[in-house]
Amino acid sequence: MLKVQDLYASYGAITALHGVSLEIAEGEIVALLGVNGAGKSTTLKSITGVLRPVKGSITFLGEEIANRSPESTVKKGISLVPEGRDIFGSLTVEENLRLGAYANYERARYKTDLEEMFQLFPILKERFHQAGGLLSGGEQQMLAIARALMSRPKLLMLDEPSLGLSPAMTDQIFDLISGLHQRGTTILLVEQNAERALEIVDRAYLLATGSLEFSGTPDELKRKVDIASVYLGGDDNDHCEVHL
Amino acid sequence: MIDLEFIINTVSLGSLYALLSLGLVFVYGILKLVNFAYGEYIMVAGYAMHVIGQNRGIPWYVTMAVAVLFAAVVSYGTELVAFRPVRTKSLTAMLVTSFAVSVFLQNVVLITISPRARAVPLPAFFSQTLTLGTATIPVRNLVIIGTTIVLLIGLTFVMKRTVLGIAMRAAADKFTTTRLMGVPANLVISATFIISGLLAGVVAIFWVGRSASVDPLIGAAPLLIAFIATVMGGMHSQIGAVIGGFVYGLLFNILSIMLPATMISYRDAFMFVIVILFLLFRPEGIWRGGYTEERVG
Amino acid sequence: MRLPEKISALLKRRSTLVLLLVPLIAVGFALQAFGTPLILNIYTYFCVNLMIVLALQMFMGNSGILAWTHVAWVGIGAYASGILSMAPMVKSLGVPNMYPQLVELQLPVLPAILLGGVVAAIVAGAIGWPLMRLSNAVGVITLFATLIVVHVVMTQWDNVTNGPRTFFGLQEFTRLPQALVGAILVILLAHWYRESSLGLRLRASRDDRFAAMAIGVSVVQVRYVAFVLSALIAGISGGVWAHFITSFSPKAFYITETFLLLTMLVIGGQGSISGAFTGTAIVTVAREILRQVESGMNNSGMFSFEVYGLTELVMAVLMVIVLIWRPNGIIGGQEITWPLLKRKNRPDDGAGTDVVEPA
């Protein structure tokens, strides 16, 4: 479905990606892991078109989308839940969701989509007329995911959805992500919480300083790479909370 | 001194300044651009009224409507030709561009029409007055208040109830994220320039209406007022701009009464000094709004 | 190391200065020997403008702040030096309402010009600190408002400036040699400042205010120093200009002039001395040509009306084209160095960072 080939991207003189290639098939859930600065967000930015890649190709459903504008990639069916949630704080929950539906708006199905979001995230119904900025961190994350889903994406990309959330809320978000996957959404997940992410994904890519270090199933990854050492140089805790 | 006449005149002046500031803040909110060409949108609307007014057969409301539209078209045109290509460059590049656009428009008029002031025909009610008890009130001032109320309600509706308005508010908050929703950057930016131009056009009618004439430098004074009123009210929200406009109108009328005749020529300087002093203590202005400093890109 | 090697090493290290100063001086000498009075005049004017624009570059180019007040310092320097240098007789004739204490003052021209700069620096120093605290839009607007306040004072303060009327009777002190020496000194100063620790810290604050603060740069302080230093040089340049032009009015220190100075700075590239130098040269030449065209059009009788404003019109278009095509100016944010084509391979450090955006 999505195929990234030999992608190079840079910020001014600093090259952030040195030839990254990855692939996601329809219906898959794939994790993109790596430490801070490894190039995960840069990869997402290049896919969405926020950043113009220096070199390489990105094809989505057989169509070249490198150098497309962000507004056209979302119309094509790629939706991003940005890092730090980035909800519109001064807009109400309702308005946030309405903008989420902007790319592929159809009056007839808007109401049913909204109802679906209320089922997935009942809290959003309660907060419908409140300003997004007044929501708690977890609620904002739900709003950000709901907003991304409102465009009916074929591919949903989540950039560190558990960042800054309590463990209980993190569990809830991860359950939700695997729920979305089970409903058939293709998902690319960028996560700091590698252990947790590996529990729910089909495959994973490991990025280090702008190039791919490893790709394969979670089991292979766990076997071949000491994840704790990749991130922190060792952590003996059972539930290795890794930080970036 | 504070009688009905003073109140209505102050509210009227404040209304005009509120519209003026609002037009500036619309563009600032999204592009973070202090548009030095804003005064020129007022000027071109004035010249449109002058040119159309040559033909006596055209009714005044048509003249005014065309003038307002013309200001919006020119505003949109400057966005398309000058601001769009430099939008992602440095802030200084954009500021300097707006200054260049201002100089360009002034000199186009200077060359093609005349450096001297030209007459603008106005409907009779612009110079009539109304007597309410002891107060004599220019009809124009009442019209300004009415127009402002209608426009503010209309704009509130657009911003709160239409998708484009929601997208514009979102873009002022987080521009890149708004694009990720599928909202085209150019659409939002063009829309803000058009609204900014429309407001400038409306202001132009009343501004030109004072002297019934227009000259190439007529945009300078309203631009300054918009600057001062917006920084005073708060650059980061439209509410701040409206508040700033009214406060400026009030301050202006109070200074006009209080300053001795010999000092009146220093009035502008006094205004600015007051505002600069005010900003030292409260750089964000009267109204703290929600807009961030994130730039377009 | 032997002497020739030392010299060649020095030349390499200071190649920017060599590349700018050698042609400046060479053309100056050539014109002094062979130039017509008109050309001499234009070159003198160019040198004076160079002083003013480089003073602007010192603050604006290194801080990234649009310096609306600059032309105000030039004006203050011009008026102050004029008042200090003119003979009491001439003053009481030219400015009938002048305060008697001011009328009596008289100094030789050179100290008067330097003191004029000091006056500008004192005014800038007195009001600069709070202004340098403001950033972004509020800062831009406040500086703009400050220019207007100074302008209102200039046009209204009869007893000092003769109000909006022409202030005349200055000695014609500035000729090519004086202007050339002034320009050379200012180039050296601006170059020294740009490369100094102060200048570096200011440039750091321009590129990323918060990162600069994080490494211990006191942003307000470095901006303030640049602001006052720039005002000092602008004031001195204003004095040099005043004693070249010999009569002027407050109009000369307002928005039209600001635009002209900005075109000179921005077209070449505000981030570097070479850029400011090139821009000033281009604009000076372009303006002279446009003036000729304009007066030619008016004299030819081709048009029934006076063509007026063509220069500004073309300048505005030129400026927008350069900003679109090369937002950091023709030269850009880096100094030109010898050899000419081997520019150091680092990102253009001109004001502002380019945001990457797809078409």
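Here the chain labels run A, B and C in written order, and each chain numbers its own residues starting at 1.
In this section, contacts are C-beta pairs under 8 Å (C-beta built on N, C-alpha and C of every residue); 3 or more make two chains touch, one makes a residue touch a chain.
In this text the structure is predicted, and so the values were computed from the model without any measurement.
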| item | value |
| --- | --- |
| Reference subunit C; chain at largest CA-centroid distance | A |
| Chain occupying the most central position, where position means C-alpha average | B |
| Averaged-CA centre spacing for the pair subunit C and subunit A, given as whole angstrom | 51 |
| Gap in Å, rounded to a whole number, between the CA centres of subunit C and subunit B | 32 |
| Distance from the mean Cα position of subunit B to that of subunit A, given in whole angstrom | 42 |
| Overlap residues in subunit B, where contacts from two or more other chains coincide | none |
| Sequence positions of subunit A contacting 2 or more other chains | 69-70 |
| Subunit C residues counted as touching two or more neighbouring chains | 353-354, 356-357 |
| Contact footprint of subunit B on subunit C as seen in their complex | 60, 64, 66, 130-131, 133-134, 136-138, 140-142, 144-146, 148-149, 152-153, 156, 255, 259, 262-263, 266, 270, 305, 307-310, 312-313, 315-317, 319-320, 323-324, 327-328, 350-357 |
| Residues on subunit B engaged by subunit C in the complex (per definition of touch) | 28, 32, 34, 82, 85-86, 88-93, 95-97, 99-101, 103-104, 106-108, 110-111, 114-115, 220, 224, 227-228, 230-231, 235, 265-266, 268-269, 272-273, 275-276, 279-280, 283-285, 293, 295-297 |
| Subunit B partner contacts - residues on subunit A that touch it in the complex | 48, 50, 69-71, 74-75, 79-80, 82, 86, 88-91, 95, 98-100, 102-105, 133, 147, 151 |
| Partner subunit A, residues of subunit B touching it in the complex | 163, 166-167, 169-170, 173-174, 176-185, 290-291 |
